[in-house]
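Across the two complexes that follow, chain A remains constant while its partner is chain B and subsequently chain C.
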Partner chain A sequence: MDATTGDLALEWKPRKQHSRIGRLFDSKPFLVALCLLPTVGLLVVFLTYPLGLGLWLSMTDTTIGQPGEYIGLDNFYSLFSDPVFWGAVWYTIFYTAVATVGKFLLGLWLALLLNNHIPFKAFIRAIVLLPWIVPTVLSAIAWWWIYDPQFSIVSFVLVDVLHWRTHYIDFLGSPWSARWSLIVANIWRGIPFVAITLLAGLQTISPSLYEAALLDGASGWQQFRRITVPLLMPILSVALTLSVLFTFSDFQLVYAITRGGPFNSTHLMATLAFQRAIPGSQLGEGAAIAVSMIPFLLVATLVCFFGVGRRKWQQGSDND
Partner chain B sequence: MTISRRESLTLASASIAAASIPTIGARAAVTDVPTADVKPLDYKLEKGAELRVLRPAKFIDPDEVYWRENTKKYTDATGIPVRVDFISWEDIRPQTAVVANTGAGPDIVVGFSSDPQIYASKIADMTDLADYLGAKYGGWQELSKLYGTKWKTNQWLSIPIGGGAGPTVYRQSWVKEAGYDKIPDDHEGFLTLCQKLHTAGHPFGMSLGHALGDANGFASWLLWSFNAMLVDEDGKIALDSKETIAALKYATELQKTQVSGNLSWNDSGNNKAYAAGDIGMTFNGVSIYYFLKSSPDPKLNQMAVDTQHQLLPKGLASRSPMSATPMNAMVFKHTKYPNAAKDYLRFMMEADQYGPWLSNCIGYWSNSLKAYSKMAFWTQDPKLVPYASGMDTPYYDGYKGPVTPASSAVTANYTVVDMFASVVTGNATPEDAAKRAAQQAQRYYKT
Partner chain C sequence: MTDTAAVTTQEVELAASTKDAPELLSWDSRARRTITVYIPLAIFIIVLLFPFYWMAITSIKPDYEMYNYKQYNPFWVHSPTLDNIKKLLFDTEYPRWLMTTMGIATAATFISVGASVLAAYAIERLRFRGAQHVGLAIYLAYLVPPTILFIPLATLIFQFGLFDSPFALILTYPTFLIPFCTWLLIGYFKSIPYELEECALIDGASRLQILWRITLPLAVPGLISAGIFAFTLSWNEFIYALAFIQSTEKKTVPVAILTELVTGDVYQWGSLMAGSLLGSVPVAIIYSFFVEYYVSSMTGAVKE
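Now for the complex of A and B:
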């Protein structure tokens, strides 16, 4: 089609002088500030304020019903001599460490399997996500039934169906079996997150790298070791950090299944903080326990980021 | 506030439900409460008054049905609209704290146990109402006085409504098979019975896990039946004693007869195991019996017939070492209608209302006023007798010290429960456990 330019000759209109508001909106710093405002507002109201309040409460002797007074670090001194608190710290670290290792080994394995061409791939990937999708409280209640001393499906199968055992298993009745039972439940719940995240990472690895390695005669293990692992590292470190944070601050599984029992052997710092603060009314002490989690979380985050992900790709340059 | 359509529908369905619930000698209830002739309390009701009440949620239906029906009766009689919110037991404490700290919200909060002590400065004096009710209904039960008054005074802070007690619940036929007509009242006899039940495959089962009500009740019975106590009369920690050591050693023997898994039970553990026929005896409220009796399953109904209740074994104590968890009603000073609030509570405690409510709860709540123990339903179903005296007890949370919030903190932190649990599993010696528990309890009794 012929373009006829004559009729459409552009009329030149001089730009109108902007009003003050218009000029204000043209200024970049103002726009930046304006766009940030909602986010900053949300963060201040829902993050900074509660955090600040928690810090303040941890330095008071507030109880439910009585506004407290500032007592400095007394809550922390008193916690340092409390074996229950140290028990919770110890188990929180143990729980996080073991569950994280379990989740990553099984999650990585699952991701590698799902990365292959298998029938009903999409369907299977959706199913894998189930433990992650189900609200934690519901899955916690399901695990609570699985671990029930009288009505456990596991015991039922072992005793009444297979006749491999004569007695029902008392999963939660002694400290160590209760601890391991909770870790298993946590791993089950955490695998999908790791698997799907790592699967996303695996799919970004170019198949040509594997082809090249194949031509060079690399074995499957060598391919995994030299191609998969290094290229997975960026996403691995992010997934690891998130997973450690989630696990460290876990509450629902333990609270729904054991409430910290038997004799406080399965208390996490989060459940102990809740128990002391709300049912026990000692808001100050509960806040102090919650605040004590912050240094651990910081260290864990830093270790994950700098330990696993210290490579140069973090700065955007090539891996060497 | 006016009653909305939705609320009136709820009320209507509640009264229909009330009519369909089998009544246990209840309709005649009002006449069987002996009352003294007392000058009626005449509260000057404020014009335009309206009330909001916060109450613990029901565990058995009639509790809510009759409470709502009585409330509706009050509104019909006075024209004062009353809104009652039933909230879960765990939320009562935090919500009461918010009400107290903000000075707004519900006019009446029905809390638990020692809650009024926490809010003593923020709640209205109830002495006139308590004195009136006490005079009319044969006096207050011992536990009512302990939880309702300021420690060692006659000043009433609250109106105790009723207490949930947990006596022995057992299968009559199995106990008979073991050679007993009743549950023995002494430690030795009780242990022997438990051993026999264990051998017969119908063991005793009671939680020593983190079960707030059950495990704390069981641990308290172990302590008190050996005359041990958490704190003495002056509020000093008295847990590390030879009586406690004896209780710990006894508990270790008892544990050998218990059903496997009792260390991981929460509050529903023994109910489930009992209904499944896995245990022959436990300590519990009437809820097990109520559940079995009202179940559509004839097998469970049969189990209800075979179920019997008895006060907890005395052991070395002179009275059955059993306490109850009372609902305790407070009127907050911030209410604009203090007279209406008190009048509502008076109305709910009067025989015409309290009688049907109490009798239809068939012992889930034990009465706080003595006269109600004379009601016919307690004896028409002899299984309910132990619950009639549920609040007739000198034992309370934090016995024998002053009633303070500290005892609730010890309870909530399972300090005494964990002491027993660590010893019966062989994870601590009685001496170490008692010492450690005393130190833990000290954290909350610090001044």
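Now for the complex of A and C:
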């Protein structure tokens, strides 16, 4: 004991641990508490407490600069008879559903393409991630410019180059085209994340499985259906959960491109909550809209996580 | 025997390559590969990168070219100009917004990575009772979207007297950075053999010495990727910065471009695009240096 510690004394300075502070740092409960303190402190003050505070605010008539009083569920009653609110709920669900399906189909396709042996693979993989890296608001501004009513490059190509249409498309001017334009921009931004995530999943699948299937005479579709899809399920369910969650609570893209217009037709619940709470200064009502997102988020998360990948997810956790 | 096997595999491969087969074998014909792989891939790359190209090209176009597609091919610049960028840098407070964003992102990153290292180490290595539950709770915190938090946070920030101060952002960004970084670092710590720590423990090193001298040096790649992630996420953050900051000179780049550069009905597309481009450059540079860490740790984190 003495000999070993003596040898190591030069390097490890074990003397320190005999002092009182040193001994305190060696007691596990103290160390655990010390290590968790910053994280738990920050999260409790700025996450857990605001979550509860939000619930409380949604039941008050607080406005900016004026503490409100408890008014029960009045905010929710007035929201439930507000067509703009129901419009936002409806569009949020539509936006999430369509954009998620689009992202995952295209993302899976891109992942399958990238899983081939292609030249400059690492470089292509890197640049494909760009839409995901760049701040959403900044790429949204680029999309805004692409959707310009007079100088849209897409319209220019369709009308003046290809002569497929006779006049320029007013992308953001009418409700439905605005809704679809936003969904396209969201899919564009979401493809890289899905593709790279699923690519990681694809690369964990052992090639010997495909070889075995090939020898057994399985077709390409059968290989995809029976090997690729089931083995991708664990990672797919995680990616799907995150994607649905963040698409449902999206704010930046819509706020940057349309701010909910034209005629409130593209409001998501998040943008409507912001609209009512900060510029409209009705904090209580805004909080009520934000709180009514929670049940949807819970259901969506549970369905995606346990519904899609439950069996595989459990297997995946065993492999760790 | 081998002949028949080869024939069947070739037939199967012919059938397979009409679909999107995940693995095309080497003897697959070049033409088919072009149609099933290269052309779709090229379309994907063009569509994914076009908005950036368009952003870049618009930011160096003079106004008369920008609004005249008939005479000037819009896909190219005939007489590039730096006017838009000059206007942005000298007539607006853009440099100041860049510095503010940089400062806030750096501070939030250091706080988050520091807190996350300690938390991840405690959860993964100190093996206390309930470690799993704490880990799960932190993971769940990642699933709480900022859009349902910003209203109560705004009132909280106001009570603390932090409204319109960079500290409002430095203190709130860790709420979504810490869960992410902790999650990533737990995964990273798992990959470091526990035996190394046991050896050090037997040799008489204290827990803190182990963390400082053994675990952290081995976890440097993990720390770098957590840092990059945290920096990009805070650079990109929008809703808190929009809600908590009011004065022009304290705004972050994404918010400032949208609220300060968009004025009136006529949009200055040249400056807007230049601003977006310059605002994307710092994250793109950081990302390009560490792309390998980034991709591998992102996929690693998702795999957890």
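In this text, the second predicted complex is superposed on the first by the 272 of 320 C-alpha atoms of A that agree within 3 Å, B and C clash if a C-alpha of one lies under 4 Å from a C-alpha of the other, contacts with A are read in each partner's own complex, and residues count from 1 in each chain.
Basically, a residue touches a chain if its C-beta (ideal position, glycine included) is under 8 Å from a C-beta of that chain, and two chains touch if they have at least 3 such contacts.
Being a predicted model, the structure only gives us computed values, none of them experimental.
Undergrad: Is A:F151 contacted by the first partner chain B, the second partner chain C, both or neither?
TA: After superposition on chain A, A:F151 lies in contact with both partners, chain B and chain C.
Undergrad: Go through the superposed model and pick first if A:Y91 touches only chain B, second if only chain C, both, or neither.
TA: After superposition on chain A, A:Y91 lies in contact with neither partner.
Undergrad: Between chain B and chain C, whom does A:L138 touch in the aligned arrangement: first, second, both, or neither?
TA: A:L138 sits against chain C, while chain B stays out of touch.
Undergrad: Scan A:T63 for contacts with chain B and chain C and give back first, second, both or neither.
TA: first
Undergrad: So, does A:I278 touch the first partner chain B, the second partner chain C, both, or neither?
TA: both
Undergrad: In the superposed arrangement, which partner chain does A:T39 touch: chain B (first), chain C (second), both, or neither?
TA: second
Undergrad: Which partner chains sit in contact with A:H167 here, chain B, chain C, both or neither? Use first/second/both/neither.
TA: first
Undergrad: Return the chain, chain B or chain C, that is in touch with more residues of chain A.
TA: Result: the larger residue contact count on chain A belongs to C.
Undergrad: What residues on chain A does chain C touch that chain B touches too?
TA: 148, 150-151, 278
Undergrad: Along chain A, where are the residues that touch chain C in the complex?
TA: 4-5, 8, 12-14, 16-17, 22, 25-26, 28-29, 31-32, 34-36, 38-40, 42-43, 46-47, 49-51, 53-54, 57, 62, 106, 109-110, 112-116, 118, 122, 124-131, 133-139, 141-143, 145-146, 148, 150-151, 153, 156, 160, 188, 191-192, 196-197, 199-202, 204, 207, 210, 214-215, 217-221, 223-224, 228, 235, 238-239, 245-246, 248-252, 255-256, 270, 273-274, 277-278, 283, 286-287, 290-291, 293-294, 297, 301, 320
Undergrad: Name, in rising order, each residue of chain C that touches chain A in their complex.
TA: 5, 8-9, 12-13, 15-24, 33, 37-38, 40-41, 44-45, 47-49, 51-52, 54-55, 58, 66-67, 69-70, 74, 111, 114-116, 118-119, 121-122, 126, 128, 134, 138, 141, 143-156, 171-172, 174-175, 178-179, 182, 190, 200, 203-209, 232, 235-236, 238-239, 242-243, 253-255, 257-258, 269, 272-273, 275-277, 279-280, 283-284, 287-288, 291-292, 294-295, 298-300, 302-304
Undergrad: Please output the residues of chain B touching chain A within their complex, sorted ascending.
TA: Answer in residue numbers: 90, 93-94, 96-97, 100-101, 118-119, 208-210, 212, 259-266, 269, 272-273, 276, 278, 405, 408-409, 412-414, 417-418, 421-422, 425, 427, 436, 440, 443-444.
Undergrad: Going by the contact rule at the top, pick out the chain A residues touching chain B in the complex.
TA: Against chain B, chain A makes touches at 63-67, 78, 82-84, 147-151, 167-168, 170-175, 178, 258-264, 275-276, 278-282.
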